[in-house]
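Shared between the two complexes below is chain A, which has chain B as its partner in the first and chain C in the second.
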Partner chain A sequence: MKKTLTALALAMAVATPALAELVVPNLSYRTGPYAPSGIPYADGFSDYFELLNARDGGIGGELVSVPECETAYNTEKGVECYEATKGLGSLVYNPLSTGITYQLIPKVTADGITLYTPGYGRTSAANGKVFANVFNYPANYWDGASIIINHLLDQEGGSLEGKKIALIYHNSAYGKEPIRTLQELSKKHGYELVEIPVDHPGQEQKSQWLQIRRDKPDYVIMYGWGVMNSVAVQEAVNIKYPMDHFIGIWWSGSENDVEPAGDRANGYKMISFHGTGSDYPIYADLKKYVIDAGKAAGAGDQVGTALYSRGMYAAMVISEAIRKAQEMAGHSAVTAAEVREGFENLDLTEERLDELGLPGFAQPIKSTCADHGGPGTAMIFQWDAAAGAWSKASDWIEADQDVIAPLLAEDSAAFAAENNIAERCN
Partner chain B sequence: MPDQLLFAMEVTLNGLMAGVMYSLVALGFVLIFKASGIFNYAQGVLALFAALTLVGFQDGQVPFAHLINAVFKTNLSTFGWHLPAIVAILLTAAVMVLLAIIIEKFVLKHLVNQPPIILFMATIGMAYFLEGLGDIMWGADIKKLDVGLPQGISETVESVTDSIFGYGFFIDNLDIVATVVAALLVLSLTLFSQYTKYGRALRAVADDHQAALSVGISLRFIWVLVWSIAGIVALVAGIMWGTKSGVQFSLSLIALKALPVLMLGGFTSIPGAIVGGLIIGVGEKLFEFTIGPMIGGATENWFAYVLALVFLVFRPQGLFGEKIIERV
Partner chain C sequence: MFYREAGDFKTTYVEDSQTFPIKLDRWRYYAVLAIAFGVIPFLINDYWANAVFVPFLIYSIAAIGLNILVGYCGQVSLGTGGFMAVGAYACYKLMTAFPEVSILIHVLLAGGITAGVGLLFGLPSLRIKGFYLAVATLAAQFFLVWLFNKVPWFYNYSASGQISAPERTVLGHFVTGANTTASAKYLFCLVILVGLAWLARNLTRGTAGRKWMAIRDMDIAAEIIGVNPLTTKLSAFAISSFYIGVAGALFFSVYLGAVEVGEAFGIQKSFLILFMVIIGGLGSIFGSFAGAAFLVLLPVFLKNVLVGQFGWATDLAAHIELMIVGALIVIFLIAEPHGIAQLWKLAKEKLRLWPFPH
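For the complex of A and B:
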């Protein structure tokens, strides 16, 4: 019995990360209906930290531990994962789910841990005065909607007056996020907005696309996820909707979404807050230290895809925030509270992106106490079916902050009132 | 003719086509329930597994490649061949038969004479096992399934309706193919069960297990047979749905679309599965078209169940199901 207990204690000691390690859990989903989207993101996230460990010996001399926990994109499991891993000394969470994010916001605030949700989660968390522990830079759902409208304005010579724009969206908290912004923008630009919801999982969308065929909108915007995206692209092809008038948010813009429709998906557009493809210098190191060394999180077949790049982007920002925290604290084994400070004072410059081997991959971020939302910019990409890759179709486009800022203030003020939160940073 | 009426006709036609797609999934449930009284929770996963295996064979994927690579530090992915669709379909059908033999040998055989709830629980276990096995064997990435089925708008239907009504209807070529395939499938199953020795044995088992056993019909063989047929029906459903949306793990959720069809058509009737599918397909599409815009849309998932429940109030055994009378 004594021997068994000793062995058990030893095993636990091995399983638990050493105290000196920086713990960044990866709440991933490699199983279930959303696995095709979850796998490349999780691979990119883990591989970046693996690269830092293998090439640089971690961050500031501290190895990074990335314990993975399977959420299956299920909110309850996501919360379980949080509870199971926070005791490891976790510094920051990135659950890749708006549902899980909403549940974790009060928990991370109470526990003093950072929640980083780039391009997803609660949009008004961009207001650092209310959401002290949540950061969603470089762009949020509302920025995305506005950026798409700005792109369409550009396409239409500066006016959308009298145009009809359909929003086909995942009938969930995430999918409904852009509605208010698009409604406000329709008042400003004079277009008609048609809202078309699709229920989970989105395998059958005949009614929605028959409606689009009847209504003949000038443009279709998509806020979808998982199988909903590929079915929508296929149905758009079936009704011969012009693909260059069909544009998705960054969560409706992976290779998985367009490849099943084959060549006919050519011309479909999406917006992204980071670059895609393997043409960045960092990939040489990634190949040498991670993939060829057999240390890749997955099979290594997702490298350079849109979602792999997004997972890598999230890991890169987290590692830079940890680096900032180490610089501010004057020691390398930083705590969760110090990492939150690092996030709040992050200054990611173009020069730093060049040093990281990611020139032009993303926009600089300068975070402040009040601004947790970042620059709110993105680029348009267009699917090139022949090349099987996304090609850049615009420069960085800014969101219309005149419309978004009041919405952010309104929503975050409502959250502050509901939860008795006093505004900070004054 | 008013535009709204034309649109309603188009929606009705598409509803009928969607109903056929639901029926394809429901058929597998009916076959197993009819022959063995088991509600096969794993039917949706069988369709997923069949579609994954088909794409795997067609593209020459090495099964368990990720696992082999992780254990032996190899770099396997494909055999380097691309099989013709018909060969891949036949091989997949053989795998589904093999799977039926395995299920009978390792699961069903040990549960003879157990209450139906135990058998139902066993199929839940099988569903999770098969989903995991499919993942390990073929990977969780989304796959393009192309067995040469036509897709996209039917130009013929569009031009004919345009010349008659002045508005070209949208009908997907894939849906037309699915309708033809479903009709052939039902015809084959009917001929098989009416005119072949094994078909009659299957009906005998469905009528009365004990009586069938007493005249020398092997229950184990019949179970293998019916699970094989259900596996092949799942393959057909997997091909149709996989062509439509790509092969990915939410394919198993198509079973959710079959449940209201079964509730409405009855669990023991093949024509019931077809008619139920058509009623559900047309009902949900017309409701979405007429009432949907007034209540925010996305009504199809729940409306199918509401429609089935309304039918249940008046005919608990479904439209074509057998009325169960238990005397105390």
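For the complex of A and C:
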């Protein structure tokens, strides 16, 4: 009996793939009501690593393997995917779901793996003193809310006194995140905030837009995802809401969200923490090594779109963090713990972005032990329906850290107290 | 040849009225228990616990609960997701308010609180029946989800409305939180499931169960022979909700660790558990297990075969998986409208006659 068990264990050890590769799982969703948002992101994420493998032979000579696992934006399937891929020696997780992120935060901390959630997840994870294994640079939900308000202040000549701003949000952890920040900001700037929730999956929004039609808010901010976005844009068009007064967070601004509404979606705005479009030099390489070689992920029809760019952005930051980890560790086959160090000491400069073929694509990031949140800046983009592209409508806008910093400290302190975490980096 | 009473002599009434009167059946039951307690905990790893066994055990508890109400008492309910949410949020509030009390007590108390809520929503069943009652319980589902979204007290005023389970131990072993071992998680759910299933089986064999079945089969006749519809229907609602509340509490604290009400306890969950009960077999404890196993294990199995073995694209596999599960449900219900429990029963009948069918 003992002999068979040993043989079995041996067989299992042999069956697991050799750990020579760097494993970065892609927890994606290409099915269900969130697929319109999930597909371009997953494609961009996979294609970037494919490019590194085909052009450079991976990172530092190590090939990157990107096993894909379908979560359908569902937390139960997310858990299954995490457990299924954990054993492969995974280095970083990027689940693209705030719900799954909340579940994985304690798990990755216990397993010593890094969770990278650019622009989503738990906002207070920006505080590295409490969240050792979670990184959400370059910007978070609260930065996003504040950047939108700063843009509106700019539009209104510096004052929002007496204005009415509606927040239409996905009624989940994700959508509720900005409410506190917007409430604090409304005290500071004197606008009135109207909160309008939309339940999962968001295909039915008639009553919400009826309310907007009745209340006539001066601006509408949207925190939506998946099919909810395109429905909201269509409803806004239907009630003839002025589109340039309708602004989405970065997750509510993809081609898939505005194209169904046709020409009348022209002027819709969104904010983004990176550039979009296929004018960057990297796309020449991407075309040569990935797309023309027939190695593109998915249907290959999403290249250069806003969410494709974001998937690529996440893959780029992860690969740079792995590179940093290799540099620090002095060997190329890095472990999860070493990659975490790489994330914590990441220094992504403008020169490096130029080298990568992405000049001006994003803001530089300099991470420290305490700062896992990055610069917290974003740009405004406006939809040009005639050209079928997003055009840049502003330069980098900073968030109001005077308001956000105390909220961050408060929320992370609550998490630390709940889970008995001692502050690091002191 | 198998499953025969021949040679199995009963000399007392207790022996005669036991749950498994046939020797082979009894030994099979003991063997399952022995494997579940004595073998699996030593072999289980994180993947098998989190993707297979823990969800199966928890859904089994919920399916038994719903089976008491729908299968035994004949009261159709679409509020299961909402009642699971009550269990989860009650457990969360108790865990954070009384951190020194054992999690086991919190889970059972959460079941108790859900029983109270279920009782309240069961009141309309005294006046309305059938589809109309289903609509009333549907209202419970939407109301409860709305409530847990709307009132910040339930999620301790957290910014995101998410509830996260703090770490708790039983006998010095973690059972909630990230440091829980696979076997602790599994055993904790298994002990609760075995206890509750044993209780349910004995309840349904006794007076309470007979009253429920009388109401299910013909309520007017039941009333005439002296079954009180008030206490019978309400006790079915309360006990069913207790089971569902316990399942909700475990689902949140042990299985997922963090939930948000709309996503985890939406209307899909109500339907999922109702399907488990219907596919497994209405009015059967074994059917609850079989239905839960069918709907929890089959998708995971198909995913591993299609993506892991055949190397298909994940989206194609996910779509095919939906089609296969859907088709199997339809085929099952056409081939055997009384569910897997009935198939099992027929198989046993056939085995008794084998190898000389007449």
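Assume the second predicted complex is superposed on the first by the 409 of 426 C-alpha atoms of A that agree within 3 Å, B and C clash if a C-alpha of one lies under 4 Å from a C-alpha of the other, contacts with A are read in each partner's own complex, and residues count from 1 in each chain.
We adopt the following convention: a contact is a pair of C-beta atoms (placed from the backbone, for glycine too) under 8 Å apart; a residue touches a chain by one contact, two chains touch by 3 or more.
Since the structure is predicted, the reported quantities are computational estimates derived from the model, not experimental observations.
Applying the stated clash criterion after superposition on chain A shows that chain B and chain C collide. By the document's definition of touching, neither partner reaches A:Glu184: not chain B, not chain C.
By the touch criterion defined above, A:Asn419 lies against chain C but remains apart from chain B after alignment on the C-alpha atoms of chain A. Of the two partner chains placed by the overlay, chain B and chain C both lie in contact with A:Asp199. In the superposed model, A:Gln234 makes contact with chain B only, not with chain C. Of the two partner chains, chain B is the only one that A:Glu259 touches; chain C does not reach it.
By the touch criterion defined above, A:Glu62 reaches neither chain B nor chain C.
Of the two partner chains placed around the shared chain by superposition, chain C is the only one that A:Thr98 touches, whereas chain B remains out of contact. When the two structures are aligned on the shared chain, A:Glu344 is found in touch with neither chain B nor chain C.
When the two complexes are overlaid on their common chain A, residue A:Pro33 makes contact with chain B while staying clear of chain C. With chain A as the common frame, the single stretch of chain C that clashes into chain B is 129-137; none of the other options in 129-137, 165-173, 201-209 or 255-263 do. When the two complexes are laid over each other on chain A, chain A has residues 30-31, 35, 39, 171, 197, 199-200 in contact with both chain B and chain C.
Every residue of chain C that touches chain A in the complex is listed here, in rising order: 46-47, 50-51, 55, 96, 149, 158-162, 164, 166-167, 177-179, 255-260, 262-264, 266, 300, 303, 307, 313-315, 317-319.
Put simply, chain A touches chain B in their complex at residues 30-36, 39, 171, 195-201, 203-204, 206-208, 210-211, 213-214, 226-227, 230-231, 234, 237-240, 256, 259-260, 262, 264, 294, 299, 301. Residues 28, 30-31, 35, 39, 68-70, 72, 74-76, 79-80, 83-84, 86-87, 98-99, 102-103, 105-107, 109-111, 122-124, 171-174, 176-177, 179-180, 197, 199-200, 298, 407, 411, 414, 418-419 of chain A are the ones touching chain C in the complex.
Put simply, chain B touches chain A in their complex at residues 7, 10-11, 14, 17-18, 21, 65-66, 69, 73, 77, 131-132, 135, 139-146, 151-153, 170, 172, 241, 244-246, 248-251, 253-254, 257, 284-285, 288-289, 292, 296-298, 300-301.
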